[in-house]
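Look for chain A in each of the two complexes below; its partner is chain B in the first and chain C in the second.
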Partner chain A sequence: MRAYVSAGKLKFLNGLQYRSAAAAGIATQFFWGFIYIMIFVAFYSQPTAIQHPPSLSLPDLVAYIWLQQAFLAFIVLWFRDQEIFGLITGGNIAYELCRPCGIYELWYAKLLASRLASAILRCLPILSIAFFLPEPYRMNPPASAASLALFAASLALGLLVLVAVSMFIYISVFWTMSPVGSTLLIGVVGEFMAGLIIPVPLMPDWLQRIAYALPFRWTADFPFRVYSGQIPLQEASFGLAIQLAWLVVLIIAGKLLIKRALRQVVVQGG
Partner chain B sequence: MRLYFKYLAILFKSQMQYRTSFWLLAFGQFFIPFFVFAGMYFLFQRFGQIQGWSFAEVALCYGVIHMAFSLAECLARGFDAFSTLVAGGDFDRVLVRPRGTIVQVLGSRFEFTRVGRLLQSVLVLGWAIANVSVEWDAAKAVTVLFMIASGVFIFTGIFMLAATLCFWTIQGLEVANIFTDGGREMAQYPLTIYEKWVRVFFTFVIPFGCVNYLPLMYVLGRAEGSAVLYMLAPLAGAAFLLPCLWIWRTGVRHYRSTGS
Partner chain C sequence: MILPFRKFAIGGEYSLIQLEGIRKSFKVAKRSAGMRQALKALFAREYTLVQALEEISFTIGAGEIVGYIGPNGAGKSTTIKIMSGILLPDGGSCRIMGYTPWEQRVAYVRHIGVVFGQRSQLWWDVPVIDSFELLKDIYKIPPSEYKANLSLLTETLDLSGLLQTPVRQLSLGQRMRCEIAASLLHGPQILFLDEPTIGLDAVSKLAVRQFIKTINRERGVTVILTTHDMSDIEALAERILLIGKGNLLYDGTLNALRGRFASQSMDEMIVQLYREHEL
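The block that comes next holds the complex of A and B.
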């Protein structure tokens, strides 16, 4: 365990070095946030929306968008570690296999740490400004202390689920040898189903049912709606259990898969 | 110009060496904007329209912008990836050759995989043209072509500006994404739905308004006054490239090699 923690720590400190990149990222994310909110404000001012208000109210949606921008590193699947791809396709996986620790755990710790570092640099500035923006851009505080606590728990669990999902992208490279093509599809479908393109409650009903059946929405959609109280407390605490179940299933599946991949691994020479 | 096509031929051959990877990437490039478009469709399904614009009208806007973006990304990819050229010191080689810098940088990269994105935007544009309630005539068709061309010019200009910044910063700048990717996402809806500061910025500083709003009003028959003015608005967008070219030249003169 200690080995994984220190591997993660190294990656975390390494990630904290990219501060100017983070500053640029913050500016970009503010721009996206504003544009998305303007588009949704325009949609919500439609007469149909006023007569039949969507289940997600506009202030809840604004919080949803800002949280999404602030914790982008926790929820996107295109956030990738080129180093691991390089290990597999370049043949240095051989060294990795010699290490006296599990490869799944090691990569998991590294991926988790780099996402944490990136999010920590970005989330505080974005959130602290978003709370003081003029209406309609202002982000509301959490519904209650309880929903804040549940939000923090579900965001953390969501991050663990997301890293477990992203492990599949790396494992698939053992077979495809190219990090781009096949992984692109996992990424695009996963992000859509997580509600990153349009929030899950605004999807048509049939699509919502699909989204609810997949693990992706537990990484982004669920914590963000817990924050604004749009998912009531009781349902939210039940949701935490589902997140935990997904996490266990995904990790076990990932470990089985990587075992199979390693049994037939071909070390790429060169 | 002949040199440029020669560059393209070479790059095409080299990219076709990895055929499966090429098709997978092109496939992916088709699907990424497809999901964005699907998201847009679902929103319209729920809300009906957006400030008086119907789905087909916005789809027209979307098709034009995405087509312009994918063409610009194909053509001007060399500028987009320019930071690697500067950071590696390879720009020195470009400078000593007896040809213009712009042609060489343009020819240094060409992403043929972007045909996926291009195909998607062609489909959307075709669907929108068939479904939008407009009496099409030659003038309107020409206006749409102008819109696309002008969009290509604007995106190329932005890629160029971002590349010029590399002369000073050496690194590529993520902020430039606001104007390329951000500009694309923003301009897929008509400009009127945004707040005033966004509208002003994207009409007078970066003239997306001349691509996706003014001529669109004419095409949809909503424009008042002289039609010619609306038709020619895309030209103003194309004029955006001129200052970009000038800044690029200044940048080249300021270039100091990293010397590695």
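The block that comes next holds the complex of A and C.
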């Protein structure tokens, strides 16, 4: 355990060095946040939307979007660690394999740490500004203290689920030798089904059913709706258990797959 | 950590490393140059099976320094990878210190150190000492042992000025000395060195050689070394294993080889041996 914590710590400290990337990221996130909110404000002002209000109210949606932008590093699948891809395709994995620890655990710790470092640099500035923006862009505080606590717990669990999902992208590179295809495939499907393009409650019913059956929405859609109280407390607590179940399933599957990959691994290069 | 000092236990009562009929082949995608061939390969890939190792067997006793030599592509690195638990061979058995490397990988690798001369294990953007501290936690090295090993390595490899420097700002020779130190922090009983002197200048080479001798003599570390630099072999190894096209061609002392090819330089002797085996 100690080894994984240390590897994560080193990665975390390494990630904190990229301050100008974070500053640029914050500006980009505001840009996207505003654009998304403008689009949805336009949708919500349509007569049909006024007659049949969507299950996600506009203030809840605004919170949903700012949380997305603030915790982007926790929820997107295109956030990738070039170093691990390089280890596999370049053959430096040879060194990782002569360490007395599990590769899956080691990579999981590294990936988790770099996402944490990236999010910590970005989330506070974005959130602190979003609370003071003029209407309709202003982000509301959480529905209640209990919602806030459940939001924090579900966001953390969601991050763990997301890292477990992203592990499949890395493992696939053992076979494909290039991260492009699997990042695109898993990334596009995963991010759409997590509600990053269209919030899940605004999807047509049949699509919502698919999204609810997949693990992706538990990483983003679920915690963001818990925050605004759009998902009531009882349902939220039950959701935490489902997140945990997905986490266990994904980790077991990932570990089985990496075991297979390592059995037939070819360490590239001489 | 200090092992009984026993040299030349070749096949004797205490053999540390035992390989028996190790085989390994790789599937290599092949195609000729040109657009047409590239398009064709989209639909039907052609593979050839390259036999990297066929029936390699040898034993190495505790405390030996063995030079593992052969032309490019002979299978040296493949053997090292199999012995360090990274690659799964197609067949044959390998017992090292009572372990089968690829089956008990995690338990086994605690006892070995590996240096791949063409790769890096140090974290690129952080000072060397950060990588060392991480290795300390990965190998669960007790603090007192870590301290003792680090100071010994710092002294013998002359690292004192380097530990605080980010790896990306080290020269190749400096980095290689740090790489070797990284592989020995946990006090392994066996050290695999895959071309440790590649690209090094004379001073660094001599320093590395001197160091290998020291840890072998003073700590009884068994060393298996691959290299293309015959002066490495001359300076270090009393026993050599020559491998070519996946077969073991010569296993014996350097002196016996010298006897056969009197008055020739080391490089000439090796070329002569290659020629004899038509490599």
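Keep this in mind: the second predicted complex is superposed on the first by the 269 of 270 C-alpha atoms of A that agree within 3 Å, B and C clash if a C-alpha of one lies under 4 Å from a C-alpha of the other, contacts with A are read in each partner's own complex, and residues count from 1 in each chain.
Criterion: a residue touches a chain if its C-beta (ideal position, glycine included) is under 8 Å from a C-beta of that chain, and two chains touch if they have at least 3 such contacts.
These numbers were taken from a predicted model, which means no experiment stands behind them.
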Three-chain arrangement built on chain A, chain B and chain C clash or fit: fit
First, second, both or neither for A:149, with chain B first and chain C second: neither
Partner chain(s) touched by A:17 [first = chain B, second = chain C, both, neither]: second
Which superposed partner A:253 touches (first chain B, second chain C, both, neither): neither
Contacts of A:94 with chain B and chain C, given as first, second, both or neither: second
Touched partner set for A:3, first chain B, second chain C, both or neither: second
Chain A residues touched - chain C or chain B, whichever exceeds: B
Chain B versus chain C as contact partner of A:192, first or second or both or neither: first
Partner chain(s) touched by A:102 [first = chain B, second = chain C, both, neither]: second
Smallest separation in angstrom, by C-alpha atoms, between chain B and chain C in the superposition: 6
Interface residues of chain A shared between complexes with chain B and chain C: none
Complex contacts: residues of chain A adjacent to chain C: 2-3, 5-7, 10, 13-14, 17, 91-92, 94-95, 97-102, 263-267, 269-270
Residue ranges of chain C in contact with chain A within the complex: 26, 72-73, 77, 81, 84-88, 105-107, 109-110, 112, 114, 116, 118-121, 123, 125-126, 130, 133-134, 137-140
Chain A-facing residues of chain B, complex: 20-21, 23-25, 27-28, 31-32, 35-36, 38-39, 42-43, 45-51, 173-175, 177-178, 182, 185-186, 189, 193-195, 198
Complex contact set, residues of chain A against chain B: 21, 24-25, 27-28, 31-32, 34-35, 38-39, 42-49, 54, 178, 180-182, 184-185, 188-189, 191-192, 197-198, 202-204, 207
